[in-house]
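One chain, chain A, appears in both complexes that follow, with chain B as partner in the first and chain C in the second.
Let's look at the complex of A and B:
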């Protein structure tokens, strides 16, 4: 009996050690690049490439932030990115939800329309960038916020629709039917019953859409210039013929993380609440 | 309160013909149960009455008004769903009051009616909870509360008890019956459970393959089934069917089952029957009893049976024996029989037996 107990105790103690090692390795793997980026963003320029490296800058400076945000117009890019990404996300979630509901509940377009929607993602974006550029030039959408918002909404819509489609498909019809019998119109049943229940799915789809817009580089590069340029396009200015502006690049990268992290924290709360709907008490 | 009249109703889903010509009159205040095996079209019929499905052909009248083109909300019906269909994001009180709010009823009145419905169903302490915090039976009560609070012209129930365990089902069945006695509104109830149908219905409408096979009071259908399908569907344990030949010659009609000749009860009408017609004799377990009297009563046939299977249930025992080679089940008092292999005199009550034509499977 004591032997068994001791063996068990030893076993119980050994598990956390392995786990802690594994988690520690994982954390270093994930966080080290972030730390190095932050470290670089506050280092004086002379410390970038020294051997041995400067692990902790002795004289931290905000000069790179100032340069990246103002001299390189990173702040304008950040504001543009926020306007464009948020607008496209809202539109994508709105149209995506309406479209997915229609596909799921009314079987709009028969069997094939839903697949056709997804198939729009099979096309490599580079295949259409030139025609889009020419059209935008022609109709005056080139280098405008609206232009990029339209483009991003169109690109993120298929995935939003497909995610919401699966979500609505999995939701029992009977709650909306109960609402119809109870006295709702189709629209009210959708708005007051289906949408609140689909909220976790809508949030998830919106998060995906936002990430796609926030990190998009190619279309922003081709379709914008001095007015509607987004944050990712600012980075290309840091690599020039005379060398790379590591400090400025790192500083802007840190800035660009802030909205993503804020969104992640906000959405996570909603996602977790949504996933456990009906499963937990309280 | 309203009566329902359905005329020539069809429902097709593409090539699939779910409801094939239903004519049905339901009186005001009547409790009608639509029953049948799965896929017989009973739920489709109910959903068409609710307006959740469009009919392909035919008319539905509620209270003398054709409602085919009415939206569900304009039909003034309430429905209880199999999966309860409570709104998970609303409290019980909000769930019950949802329909009233959707119809723009003033808030104080909504609250008063929700409270009244909750009191009636004994769920007042649950009003602040959410559906996920309720047991199956409590959810069912909330679903019923949501229906009665609106005071609709017609209640529709779509297999409301099939997700509950056996004990709760019996309890809720009694409550639904009590509810009907209390408010006497027209109710249409769909189930595949023949016991629910028998116990609840003023009238049973038995459906098969999209048509009405037979309708009438529960006792009517039970005692005088119009076909082997109805006879086999209602009653548990099932009716036994014995193939035989009808003989009309001589003094009295009789049915020959191999080496046994069973006289048909005197005075029984055999409409359109012919001599030598192939028939099925339908015997329910309760038509067979252990013989105690010295001679069999009028219309009763006595047979010496050897019990080969015995299923005691406590007060009664179901004994199976062979009559002219075919298995027949008898419902005996527990003390009438002790073991398989026992030889007993059994009285077969031919007054209550059913006779069907072999080919058409219709009653004679």
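Let's look at the complex of A and C:
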């Protein structure tokens, strides 16, 4: 097909300047705030207000990291965030997988149950968090790790359920049916056969649940105070002060964004499924 | 039910599984036992609180006024007749609409540049998705560092580029603070549009474009005749998901402007938060959150209905 070949050759020869410019501009837009934050975090406080600004710090320092972690209790927030996010992730992945399997293989509750779970994802948190705050104060769960773990488990369940629902539906049932014929109970067919096969999907769902908990602010702001506060709520300490704490804020931001970015980039193969609750394969 | 069929066939063949009474009961109700933990958790921490807040919205529940007397629709009246509440709803609609529109156009443009593979595409992809994994609080903090006077370098860069003194109060002056909030939102969520739209674009068969090229259709016509109709369901999905998250906008406002100056950057969530947690009019806030919930439900019904009809993928 000479015509196609010629057309292809023509396409390849022209340099897509517009595309390169657009992509370059967008890359700079994405990277610039991250760079400036990093730059601020290692800059001595004397360099804050110079004109022109200090683009590359000549005398990098870790003093802001130390202050952010110890003086502003960033380390406590980090530990709380780890405990709460990990626990909620495990619970959410476990309960989500159980429910998703039932929905996918036994069509439990028909469409109503699965869409009821999905609808939870779209509830504005402000509608839930006010009464939860009152209930938690009543039963003594306010400002406890357990309270926030339960809240985060529920808040990540719709995503876990729907991601795993899509995953199980994409898996052939023949192995589980063979297990049932061989005399396994349904639980054994699920736990010994389906779960190991679905392990990559479960890990991906867990990663997205973890990132959601790790970056969550609103629930933590309202449901915790001095004991179970998470990393994002520590940033309240830096609001409204002119200048003095820029370095500390930037240092804490860098500390807190490294784990979630690392996990997210590692799981990027599953990103489309994670963002669309399994509606799109990607 | 195929499983039940195989099991009964197995039993008929004379190989009854030896199970205790409990295990038999568990096996019979297996599918309901699996959904039980998740459903119970959602009932306890989502449905029960919603019903509870329904009750609270009709009584007096205020840390400044003692007692829990029934007050009828007084809490709702207070919200509906509060000009700040109405302003916050308008602002929520405008800010989320504008942000989502910009994110959509920008995300689509970037996705179009990334469809065909080129050297370095994988690395660029990994960089572009980074904002999705960052807490909105940190995004707000990052843009504060860039924009806030006198520390942020933005005004200096603009001064150099434009050749005249620029002294914009990005977080304090009226049109600019909205620009700042939208920039922060666009920075964080354009990758969301980009990722979903790119998945849709790569699913379109390249044969269609080759055929179009043979018919000497130009790129612009091919975009409207091939790309848009094939990407339609995906566009709707991305817009729906994004819009439903955008109307919750709270975190970046909390960090960047604190709702101010005055009440100029109160979104619906921020308004309800201040009513409930800084003024402690809890019943008034729950009444307001029910109204907001109803608005959201209307949006959901409109968008999700259409989405289900379009059946993506």
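In this text, the second predicted complex is superposed on the first by the 222 of 282 C-alpha atoms of A that agree within 3 Å, B and C clash if a C-alpha of one lies under 4 Å from a C-alpha of the other, contacts with A are read in each partner's own complex, and residues count from 1 in each chain.
Keep in mind that, in the parts below, contacts are C-beta pairs under 8 Å (C-beta built on N, C-alpha and C of every residue); 3 or more make two chains touch, one makes a residue touch a chain.
Keep in mind that this is a model prediction, so the values were computed, not measured.
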Worksheet item: After superposition on the shared chain, which partner residues are touched by A:149: those of chain B (first), chain C (second), both, or neither?
Response: neither
Worksheet item: Of chain B and chain C, which one touches more residues of chain A?
Response: C
Worksheet item: Does chain B (first) or chain C (second) touch A:31, or do both, or does neither?
Response: second
Discussion item. By the touch definition at the top of the document, which applies to A:95: first (chain B), second (chain C), both, or neither?
Written reply: second
Item to complete: Please indicate which partner A:213 is in contact with in the superposed arrangement: first for chain B, second for chain C, both, or neither.
Response: neither
Item to complete: Please work out whether A:69 is in contact with chain B alone, chain C alone, both, or neither, and reply first, second, both or neither.
Response: neither
Discussion item. Just checking: does A:104 make contact with chain B only, chain C only, both, or neither of them? Give me first, second, both or neither.
Written reply: neither
Practice prompt. Applying the touch criterion given at the start, work out whether A:202 contacts chain B, chain C, both or neither, answering first, second, both or neither.
Written response: neither
Practice prompt. Answer with first, second, both or neither: which of chain B and chain C does A:183 touch in the superposed model?
Written response: both
Worksheet item: Which parts of chain A are in contact with chain B and also with chain C?
Response: 177, 180-181, 183, 185, 279-282
Response to the item:
chain B contacts chain A in the complex at 50-52, 71-73, 77-79, 81-83, 85-89, 98-100, 102-103, 131-133, 146, 150, 156
Worksheet entry | chain A-touching residues of chain C, taken from the complex the two chains share | 1-3, 6-7, 10, 15, 17, 19, 23, 26-27, 30-32, 34-35, 37-39, 41-42, 44-46, 48-50, 52-53, 56, 61, 106, 109-110, 112-114, 124-139, 141-146, 150-151, 153, 156, 187, 190-192, 195-196, 199-200, 210, 213-214, 234, 237, 241, 244, 247-248, 250-251, 254-255, 258, 268-269, 272-273, 276-277, 282, 285-286, 289-290, 292-293, 296, 300, 304, 312-313
Worksheet item: Can you list the residues on chain A that touch chain C in the complex?
Response: 3-4, 7, 16, 19, 22-23, 26-27, 29-34, 36-37, 40, 48-49, 51-53, 95-96, 98-99, 101-103, 105-106, 108-109, 113, 117, 119-120, 122-128, 130-132, 134-135, 150-151, 153-154, 157, 161, 173, 177, 180-181, 183, 185-187, 190, 211, 214-218, 221-222, 231-232, 235, 238-240, 243, 246, 249-250, 253, 256-257, 260-261, 263-265, 268, 271-272, 275-276, 279-282
Worksheet entry | Of all residues in chain A, those that touch chain B in their complex | 172, 174-175, 177-185, 188, 192-193, 196-197, 277-282
